[in-house]
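Below you'll find a set of structures to go through.
Each of the two complexes below includes chain A, the first together with chain B, the second together with chain C.
This part shows the complex of A and B:
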C-alpha cells in the first residue's frame, strides 16, 4: 500500500494533507506542533505515525516518537 | 465466604488515613501523596461540594485525567453522599451534554483548562462546571485548609442533615459508562458492597499481598485502571506508581517497573505488542521484579505472551485475565508462575473464576457442559444490579440470577475459561468500548454519505484495536481529490467533536463496497476481513486515501 513516489520527491505539503486528514483539521501549517497546537492526543500521534508508515513504507521506532513534535519533524522522518 | 473488611470505599480510605497516615498512597509524576494528605484533600473537596449544594444521591460527572485531582474529587463526591460518574477525560462537548441529560446531572468536575465552550453548553442544561482546582488537591495548604479535620462532622446549615452523611454498603458508589450511543446509554450501577466484593475477589484470586508494587498507566476513569490498579493497592496500603494514561511513551511504563521494582502491572494485549514493536533494546530494561503482567480487557493472543516474555527475558509472568464492568471488573485470571494453556485453535485460557463467582456457559436457555461454546454468564456478589435509568437494557442483562456477559467462550474439563469471541460488534478503542452505531450515526448525517460502517481493526502490528470508518459515497460527489479530502476532514472533525476521539483511519469506498446481510444490515466482521486481507483494495473498492 505504498505510493510510487520516491522519498526524495516527498513534499511537506503531502504531510500537511496527511495530518489534516488524520486530525480532521482543514488548515495545517508546516511548523504546527502536533499536540500543543493541533490538539492531537497520544493515540492520534500513534495513528498519524501509522499512516506515515503505511504511505511511505518506513518504520518509526518508539524512541524516535518523542522527537516528532511538529508537522515538519514528521516530514523529516518520513523522508528518512 | 470472604470476610468484608470495610463497609464502604470511603471507610477503606479513612481507615488507611488513620492506620497508615504517613504511608504513600501513590506516586505520580515524581510526587508522593500520603494517605493522610489524600484524606485531607477528600474531606476538603467533600466540604466544597456540600457548599455547592450537592446532597445525598446527586450524580457528579468527573472528567479528569490520571493524577491526585481525580482521587480527591472521586472520593470527595462519595463523602459528600454523591454518586461519581467518571468519564473519559477527552470526552467531547456533545457527549458530556448528552451524559448530563441522561443522568440528570447538575455538577461536572473537570480540569482547570476545560474549554470555555464546555462550560457555556453545560450552563444551558442547568449543569454547573466546577474545576478540580475549585475543590482541593492533596497537601492543599490554602487559607481554608483548617476548616476540615479528619473525621470532622458538622451540621448542614441548610437542611440540618448530618455531614458527612452516613453511607450504607448498598448505596451506589459510582456509575461506569461502558458503551452505547446516545440512544442506548449503558451506565453500570455499582454499590460500595459490589466494588468491595470484587476487591476481595481480586486480592484472593490473584494472590495479592501488601508487599506488591503496582505500576499502572491505565486510565483511572475506567474499570481496570480504577478498581484493580488503584482501589486494590489502597485496600492493602500497597505501593502504587501511577503514570499518565498515555500510549506514546510505553518506554516510561517499562522503565517505571524497572526503577521501582514493580511486581504487578496490567494492560490490554495491544500495549504489550506496542512494547515489542517500539522498544528496540528490550534486554536493556530489567523487568525481572515482575510477578504478574496481567493481559486483559481485549482478546489475549498466545503470540504476545510468548514474544513479550522472550524479548524481555521473563518466564510465566504474563497472565491472561477476563472481566467486564458489569461484574465491577475482574472475573478470572490464569495462575502466575504456571504455563498458560492454549487450545488447538490458539485461544488462551483466562484461568478459573475468582472466589464466590459461579460461571456457566449458556446456549439458548440451557447450560452446556465442558468443551461446549456458548454465552458466558456469571453469578457474583460483585455483579451490577443493572444499567442506570435503562430498564430495557437491564432486563436483557440477566438470565435468572446470572449476568449475561455477551462474550462467547467455553470451560475446559479442569474448569478453565477460554474466550472465543464477542457476541456484539463492540469496538475496544484505546481501552474504551465504542458501539459501531455511535460512530455511524454521526457520519450518516453527512449528506454525501451513502452507507457507513465502523469496525474495530487491529492489524496486529499497530496500536491495538482502533475504530476504522468505511463510508460509501455517491460517484458524483467524488469529483476531485480536494472534495474527497474535505469529506474525510469533516467526518474526523465531527466524530472528534461528539465522541472525543479520532478514528484510526477513514476510508471512502465505492457504492456497494460494504457487505450486507439479506436484510440489508452491515456485515461488520466480513468488512473487516475484506479490509485486512487486501480484497477491498485489490478489487479497487477504496476511492480514498491510497494507503
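This part shows the complex of A and C:
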C-alpha cells in the first residue's frame, strides 16, 4: 500500500476523514467518542484500526483497543 | 419496590424460573485473601451496589426487583484437594438455582486452604449481572480485600433504571412500535424460511434431567497475537472468527457434515450505546441477545464464514436490532418455554474483549474464567471467551444428557486446532 503521509506528518484532520468515511458521518469532531457518540460498531473499530495500521505502519495490540475511545485517542495512537 | 424488570431482564428471570441461569466468575489467585476477609469485602460491596441487595418477585404486571431479605453474601469454604477442584465447584454453582424471591442474588465460594493458591468463585443470578459489571466487581473485590481495604470508604451507588429507559430516541415512543413491527416481520420471514430448509434436521432438546458441564482451553500468546493479526487483515472481528470456528466444528461433528442453516446466539454489550452510556461500575444486565441463522457448509473456509457472520452482525447492529431483540426477548422466551420442543440455537458465543485485572496486585490473578448456565432448550455448545494476560481464554459449557465429556473435549480440541492453524499461517 502506498503511504501518502508518514505517521510523523499525520494530522488529526486525516483521522477525522478516515472515521467519517468508515462511519458514513459527515461531521466528526476531534474529541468525539467513537462508540458512544458516533455509534461505531465492533466491526467499524476493527476497520479503523486496520486502516490506521496499514496506512501509517503502526501495530496496535488488541489490549490497547479499549483505550482508544475517541477520534483523538486514535490519532495519538497512530502517531505512536 | 425498587423497580420493574425490563423485557430482557424478564426474559432472564423467566429462563431462571425453569432452570438455573447463573453466571459464575472464577478468579484463580496465586495467593488469596483469607475467606473471612473476602466475605467482609463482599458485604461492603453489597452496600455499595443496589442490585446486590435485590431479590426478584412476581408482581401483578411482571417481575419486580425488591430489597432482599435477608441481606449478607455467603461465602462457602471448599477444600482444595486438587488444583482443578474449582471445576467441580463451578459446575455445582452453575446448577444450583438462587431462591430469587428471597435473595440476595449473589454468593461466593472460596476454594483453598489458607496461604497458598486459591480460587474465588462469584456466582450471580444473570438478571443482575453482565460480563462488564462482573469484571468490574472482581476488580473492586480484590481492592476491597487488600490490607487496609476495610478502612476505605466505598461510595454508595444509586439505583439504576433498566436499560430500556436509556434506549435511543428511535426506540422510544411511537417510533418503537414501527421499528418493532418491521423487525418482527423480518424475524417471522426468517423463521419460516429456516423451518422449511431444515425440516426437522435440527437437534431436539435433550431429555431431563440435564446438568451443565464445563471445560476450558487457552491459546498461547503467540497464537493469540497471530490470530488477532489475521482477523484484522481479513477485516473481521475476533468474535466473528470464534463464532465461525464454533459453528463449523458443531456442524462437522454433530450434524454429520450436513449443509444446513444453524442458529447461533450473539451477545452485545449495550452499555456504550445507551443514552447516556452506563458505566461498568453500575452493576446490571445491560446486554442483549441476538439470534442469527447462518448457512454452514462443513467444508466451508473459516474466513469466508467469519466474513459472512461479521456482515450479518454488523448489518443487524447498524439497523439497531440489538434494541429490538432486547425489547422482544421476554416474548421470545415465553414462546420457547411454551412450545418446549425447539432449541434456542446450536451455539452461543460471548466474546467480552480485554479483561483488565491487575496482575501486580497483592493477590496476583493467574487465571480467569467465566461460565453461564444453560438448560435443555438452550444452545448445544456455549462459549465465553476473553483476552486476559495476552491469551485467549475459552470457557465452554455443554449439557451432560446430550454430550459425553469425550465428545465435548473433542469439539473444544477441534476449535482450538482450527484457530491455531490460522494463527500459525499469519
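Simple rule for what comes next: the second predicted complex is superposed on the first by the 78 of 80 C-alpha atoms of A that agree within 3 Å, B and C clash if a C-alpha of one lies under 4 Å from a C-alpha of the other, contacts with A are read in each partner's own complex, and residues count from 1 in each chain.
By definition in this document, contacts are C-beta pairs under 8 Å (C-beta built on N, C-alpha and C of every residue); 3 or more make two chains touch, one makes a residue touch a chain.
Note that the coordinates shown come from a computational prediction; the quantities given were computed from them, not determined experimentally.
Engineer: State whether chain B and chain C clash or fit side by side on chain A once the two structures are superposed.
Structural biologist: These partners clash in the superposed model.
Engineer: Output check: A:36 vs chain B and chain C. Expected answer is one of first, second, both, neither. What do you get?
Structural biologist: The answer is second: A:36 touches chain C but not chain B.
Engineer: Does chain C touch more residues of chain A than chain B does, or is it the other way round?
Structural biologist: With both complexes superposed on chain A, more residues of chain A are touched by B.
Engineer: Would you sort A:62 into first (chain B), second (chain C), both or neither based on which partner it touches?
Structural biologist: In the superposition, A:62 touches chain B and chain C alike.
Engineer: Please work out whether A:17 is in contact with chain B alone, chain C alone, both, or neither, and reply first, second, both or neither.
Structural biologist: It touches chain B, and chain C stays clear.
Engineer: Could you tell me if A:46 is touching chain B, chain C, both of them or neither one (first, second, both, neither)?
Structural biologist: Once the two structures are laid over each other on A, A:46 reaches both partners.
Engineer: One more residue to check, A:26. First (chain B), second (chain C), both or neither?
Structural biologist: It touches chain B, and chain C stays clear.
Engineer: In the combined picture, which part of chain C sits where chain B already is, 111-119, 147-155 or 417-425?
Structural biologist: Clashing stretch: 417-425.
Engineer: Just to be sure I follow: which residues of chain A are touched by chain B in one complex and then by chain C in the other one?
Structural biologist: On chain A, the residues that contact chain B in one structure and chain C in the other are 41-44, 46-47, 50, 61-63, 65-66.
Engineer: Which residues of chain C touch chain A in the complex?
Structural biologist: Residue list for chain C touching chain A: 224-225, 228, 231-233, 235-240, 272-273, 277, 310, 313-314, 317-318, 353-354, 356, 387, 390.
Engineer: Within their complex, state which residues of chain A touch chain B.
Structural biologist: 1-3, 17, 20-26, 41-47, 50-51, 54-55, 61-63, 65-66
Engineer: Taking the touch rule as given, give the residues of chain B at its contact with chain A in the complex, in rising order.
Structural biologist: Those in contact with chain A are residues 90, 246-251, 274-275, 277-280, 430, 462-463, 466, 485-486, 488-496, 501-502, 504-506, 537, 545-547.
Engineer: State the interface residues of chain A toward chain C in the complex, per the touch definition above.
Structural biologist: These residues of chain A touch chain C: 35-36, 39, 41-44, 46-47, 49-50, 53, 61-63, 65-66.
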